[in-house]
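Sharing a structure below in structure tokens format, with a few things to ask.
Chain nomenclature is as follows: A, B, C and D, assigned in order of appearance, with residue numbering initiated at 1 for each chain independently.
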Amino acid sequence: MPFRKIINDPVYGFITVDDELIYQVIAHPYFQRLRRISQMAMANLVYPGAVHSRLHHALGAYHLMSIALNELKNKGIQITPAEEQAAKIAILLHDIGHGPFSHALEHELVENMHHEDLSLMIINELNKQFNGQLNLTLEIFTDRYHKKYLFQLISGQLDVDRMDYLTRDSFFTGVNEGVIGYDRILKMLTVYNGELMVEEKSIYSIEKFLVARRLMYWQVYLHKTVLCAEQMLKRIIKRAKYIKAATQQPLHNFITKPIQTVALEEFCIMDDYDVMAAIKNWCTHEDKVLSTLCNGIINRQILKVRYFGDPISTTMLQEKNAEACLKLNLSSEDAGWLVFTGEVASSTYSLEDEHIHILFKDGSVKDISEVDNALINQNLMSKVKKYYICYFR
Amino acid sequence: MPFRKIINDPVYGFITVDDELIYQVIAHPYFQRLRRISQMAMANLVYPGAVHSRLHHALGAYHLMSIALNELKNKGIQITPAEEQAAKIAILLHDIGHGPFSHALEHELVENMHHEDLSLMIINELNKQFNGQLNLTLEIFTDRYHKKYLFQLISGQLDVDRMDYLTRDSFFTGVNEGVIGYDRILKMLTVYNGELMVEEKSIYSIEKFLVARRLMYWQVYLHKTVLCAEQMLKRIIKRAKYIKAATQQPLHNFITKPIQTVALEEFCIMDDYDVMAAIKNWCTHEDKVLSTLCNGIINRQILKVRYFGDPISTTMLQEKNAEACLKLNLSSEDAGWLVFTGEVASSTYSLEDEHIHILFKDGSVKDISEVDNALINQNLMSKVKKYYICYFR
Amino acid sequence: MPFRKIINDPVYGFITVDDELIYQVIAHPYFQRLRRISQMAMANLVYPGAVHSRLHHALGAYHLMSIALNELKNKGIQITPAEEQAAKIAILLHDIGHGPFSHALEHELVENMHHEDLSLMIINELNKQFNGQLNLTLEIFTDRYHKKYLFQLISGQLDVDRMDYLTRDSFFTGVNEGVIGYDRILKMLTVYNGELMVEEKSIYSIEKFLVARRLMYWQVYLHKTVLCAEQMLKRIIKRAKYIKAATQQPLHNFITKPIQTVALEEFCIMDDYDVMAAIKNWCTHEDKVLSTLCNGIINRQILKVRYFGDPISTTMLQEKNAEACLKLNLSSEDAGWLVFTGEVASSTYSLEDEHIHILFKDGSVKDISEVDNALINQNLMSKVKKYYICYFR
Amino acid sequence: MPFRKIINDPVYGFITVDDELIYQVIAHPYFQRLRRISQMAMANLVYPGAVHSRLHHALGAYHLMSIALNELKNKGIQITPAEEQAAKIAILLHDIGHGPFSHALEHELVENMHHEDLSLMIINELNKQFNGQLNLTLEIFTDRYHKKYLFQLISGQLDVDRMDYLTRDSFFTGVNEGVIGYDRILKMLTVYNGELMVEEKSIYSIEKFLVARRLMYWQVYLHKTVLCAEQMLKRIIKRAKYIKAATQQPLHNFITKPIQTVALEEFCIMDDYDVMAAIKNWCTHEDKVLSTLCNGIINRQILKVRYFGDPISTTMLQEKNAEACLKLNLSSEDAGWLVFTGEVASSTYSLEDEHIHILFKDGSVKDISEVDNALINQNLMSKVKKYYICYFR
């Protein structure tokens, strides 16, 4: 009987793994670590259901990749078993380089490195451990493989990564409006001139996908309370580094040592639990800034936060800083850790990134922003900026 | 124990009727007739699940009205039990004037009358039968009541009618992308200066609602096969009138007599079954035009149909007409019943209709198209026109 | 590009047809007729969403068959493309012999014939029209093919017919409790000694499936109002035959002629619309029994109905009959058409039918009622009888 | 404008909190701690979606309580605003006494105390902090209040606790078969003689509820891998205590001190993160038993586990013990920590617990196991025992 494992998934029903190498990758401690890294960092403070793990997202994206490859094969596109295996492993590992709380701490713990770079390092390491069986995975992952659409399925405007995270995040938050027609879009995928495209019939689904993404950004990912809590999280790590706050391994090294000396092995045993356990300990730390931030996260006493269409005035910032100094008996500099401004930006569709190409029945190709009566126009392509202030209340 | 009936609804779970007058309205034969009028006419030829009835939609809209009124009351808006009862009956009866196949035959069977006019006539008749208990319903329904928002809940850009039909039609067709966040929008409803508005936090939900509606129009309601089948349906009735084709009562009177002589009572016993039974009989009618159209509907042999961005050329029309003459041995005039062009138009958001007003926390009010970084801009407010040709293949 | 049609289904998402012969079968007028036959007869009088068609159920069962065959192939069971095509066509056509209102009128319009017999006659006819391409379908459908499990997938305790109708009927009625884990059961299907079985791990899913079926029978299919409305429907046809009530073709022949003279061709153009149009006409019939029954169905004024654990006493029946005579000024014999008793029976699991066999890891096979700590025991295997009385109120 | 907070919940849509005291209870650090206690302990090792928190479950049960109380009030049962508030707070706090990993470590960290006792201690403490505002909550929670049905809604065979955890756990695991008709059951709740009952019409829903619960126990809660992982977790704590393994506060005190000296305050800052961080550290502990168990949990290398219908033979246990000694170079005693047997038991419906009473229309009351043709019979009321062995492979 052929190899087959079935995993229950509330989002898609069942996820099937029918390849032994893929199963070994999933079973590897590096992949299992993703079980302890939450996909949406602090979003659960607003959406209590949003506690799903990055491992779950990786499995979901793998599932969509399986469907996508099947659909393409059904349309007559040649994909070899080796390519299929490699593409599936690539999507499983696309986020393997994420550290604790994913994006929220991405540049705090390991400075100057994107999670994609760390993912690549780890895939290289795994390739060694698996005796080169991930060579093709590496080629696809780094866009060196001649079938470009395989890379585009992993990283592009219509990749299965986005399709899964939008679907999954909207499922677990309960924000039904973020639901996208992933199944319809997958059925409309096609390859033309070696590039991933979607058929003409999917135009409205694609528009809907972009609008759902826009909604998820502003309503969920950049929800003011979520944003503020994640800023607090960042500042906790920054402050801990600044005052060299004591903590346990493996976090200790990341807090105290210059980053270049940290080994991959150390990184790969670190997860949300190390950070959260440290935060819990720091709740009683003598440094008032650190303990205030930590208590805020633990007891869900988030700083006050407001969004504005224009940059925050210095006057307002100074006023709030002065209030915090008074209430907490802090220096203005220390209060600055609890009273701060920033900006966020998001665009609904950006031509700077990968394009979404529509393949028409007559063989012509158009960008989604250039079809007749497009929803996606100039207006939606520019970045929307919002400015925020967080302050102690 | 208080009066209470519970109806299972796959869309909302349970619909509760806890008022005896409302229950009597539902039990009335005029309302029960809606059970035999399909909500989406010919859409089931493309979406086999879309066979839900107009009665089901009316009950669904009633359910949303109940929720909406509750939410408003929870926000401190004064609504009396009599107003609540009247508003609920008004939404139950808002479509009572629809005839067989709803919109598809709206102007074919009863010429020169909108279904809204017929609804009003029927509500007046019911008011007599219920001894004036529907007086307030009539005031609200005709927008003569001073609490304008009650009318707006029945007929406006954010009325519960639209919310239910988009939700229900997307449920029964299986077009999940048409799903709107009706529950969230209902929670965001408010009244300001006597007008229905939505709170600031709902902006993205409203945008999503408009985009979902756009998608439903182009992907479902104006799907080319659905459009063509409904055009065929119209032409069947037109042709039957033209050749005075024999049929049974009550349809007979609508086919043969000038419309002004048709009594309301006759209208109120007519439904999809009369029309479909006639179509089945006409499948063997000696008039080739009529029988061809009827067989097309019954056996799902729909005319060939194509959409274009520009008006169809006379040349193309003549060519297709000539082909049909040849294939079916018809005169050019008769072939014109099977080969024809037309146009459809739809706008995502039109300022000509009711506006959607956003109430901001600071008390200001803006149109949804005027908020910062609005998705809904000039581009989406103009009508999009498409041109089609249907022809015999 | 390979042949492929996609159909939206609210229950399963998308149904894919990727075989031209299968598509031709679906497009055939005989199959399209099922579009006009409701799957659940009068159930919509209680569950307004239950208006789905038998065509929709056939497509759904076809979809589950596709999944089931795929799962079996993935487990290493050899199934040829021809067998796959034939099994899919067999399930598509398994209910093709259903007439108007399916089971409710099964033995009224065509006496002494089960719908299965009519299905077989029609498949034979289609086989002629398709030049013998349905030979293998016929072998499987009649259980003459050596791979018995293909027949068991169409007709057995765990066939895809039941899986679809339970799933679909619970979806459209909104009775969520009828939901079965069809996807899990399909994943657990296997073949052993040529027979269809389920793996050990599915025991609880199977038990749940049987309990869901039990619930659907008593709560939906045999709901007292549904039962009574369907009894009224039967009696309408019986009475129409009895008094030779006039109606149109094709129903006319079924009402007036001895059944052996009715041709298959006539049967195949008859559907719900013919019956319902006749009922609408008979609402004003001079025969009071017929018109009372017809008005009851049309205006949802169902007879009063009560269930009992024991047979209804003659006294009660006579009492109710006398009341009806008085109220309607009818003879006792005529009143008997409106006041009547009957019984229904259902068993949760019956050993008389096909068994459900569990294949254990050690290779042993047990009936679901014989596994350790079985939910399904002697008690649940006997038929439960209930007795009802319907009477005019 | 009245006080109102809305929380998104993927299971029920929206949860509304419209009472300030209730909101303060939710905002209290003791309640927020539940955010860091997973509802299903180790179940996520098999069902990756099962990572929802106990806080989420408490909010869900609160939501069902709100619906239940509303339904009862709609049926004319008098419930005062104070009782409503108190019952809602009681359900919010019913699990407040759970420590890390809930049931899995219930008797390991705090010996000889049930979580219910700890809940009571904490509610008493909160009552002090809230100046006696929880007095009525305490009366209801301890079943001292004269309206017994309020207690039964919190703790009984049909309490909202069970309804939420079955619904929620089946939602997050993706085991759709565990779905219960909670909405229907809530609509059928009633009070008779001061006791909570369900109306006759709900019999099949109740049976389904019990079968769903049976399925969830055997398929999810007692899934062999879940069971084994939770046994490993228990043994980690036991072993840590045994060898007095070093760890941080607050866990340190629970590991090293006799339990009676542990203060409530210490308990209330402990959560999953403390235990998991300790386990991560112990992965490199010099005690081989401890580190083996810890690595097993962290890297999902669970001991081998098998279920049997009969007790495990000493021979088998000794054999597996000997193998472990050899493979890990351990003494037989130490190997006993990694090779062990046990038993689990569950009954579908037990008369020892609270009964489920059905109120018939004629005013009679029957136990669900005594209705006609009951699914729940003697067979299902006895405890089913299964025996397991876990061993090192």
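Everything that follows uses one rule, which is that contacts are C-beta pairs under 8 Å (C-beta built on N, C-alpha and C of every residue); 3 or more make two chains touch, one makes a residue touch a chain.
Given the structure is predicted, the values throughout are model-derived calculations rather than measurements.
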| item | value |
| --- | --- |
| Chain pair showing more contacts of the two, A-B and B-C | B-C |
| Longest centre-to-centre distance from chain D, chain (CA-based) | B |
| Length of the line joining the C-alpha centres of chain A and chain C, rounded to whole Å | 49 |
| Between chain A and chain B, centroid-to-centroid distance (C-alpha), Å | 42 |
| Centroid distance [mean C-alpha coordinates] between chain C and chain B, Å | 32 |
| Contacts with two or more other chains, residues of chain C listed in rising order | 13, 175-176, 184 |
| Touching residues (chain side chain C, partner chain A) in the complex | 1-2, 4, 6, 13-14, 18, 74-76, 183-184, 187 |
| Chain A-facing residues of chain D, complex | 7-11, 13-14, 27, 29, 32, 35-36, 44-49, 51-53, 55-56, 59, 171-175, 248-249, 269, 271, 273-274, 276-277, 280-281, 298-300 |
| Parts of chain B lying in touch with chain A, wherever the complex brings them together | 175-177, 179-181, 184, 204-205, 207-208, 211-212, 214-215, 218-219, 309, 348, 372-375, 377, 379-380, 384 |
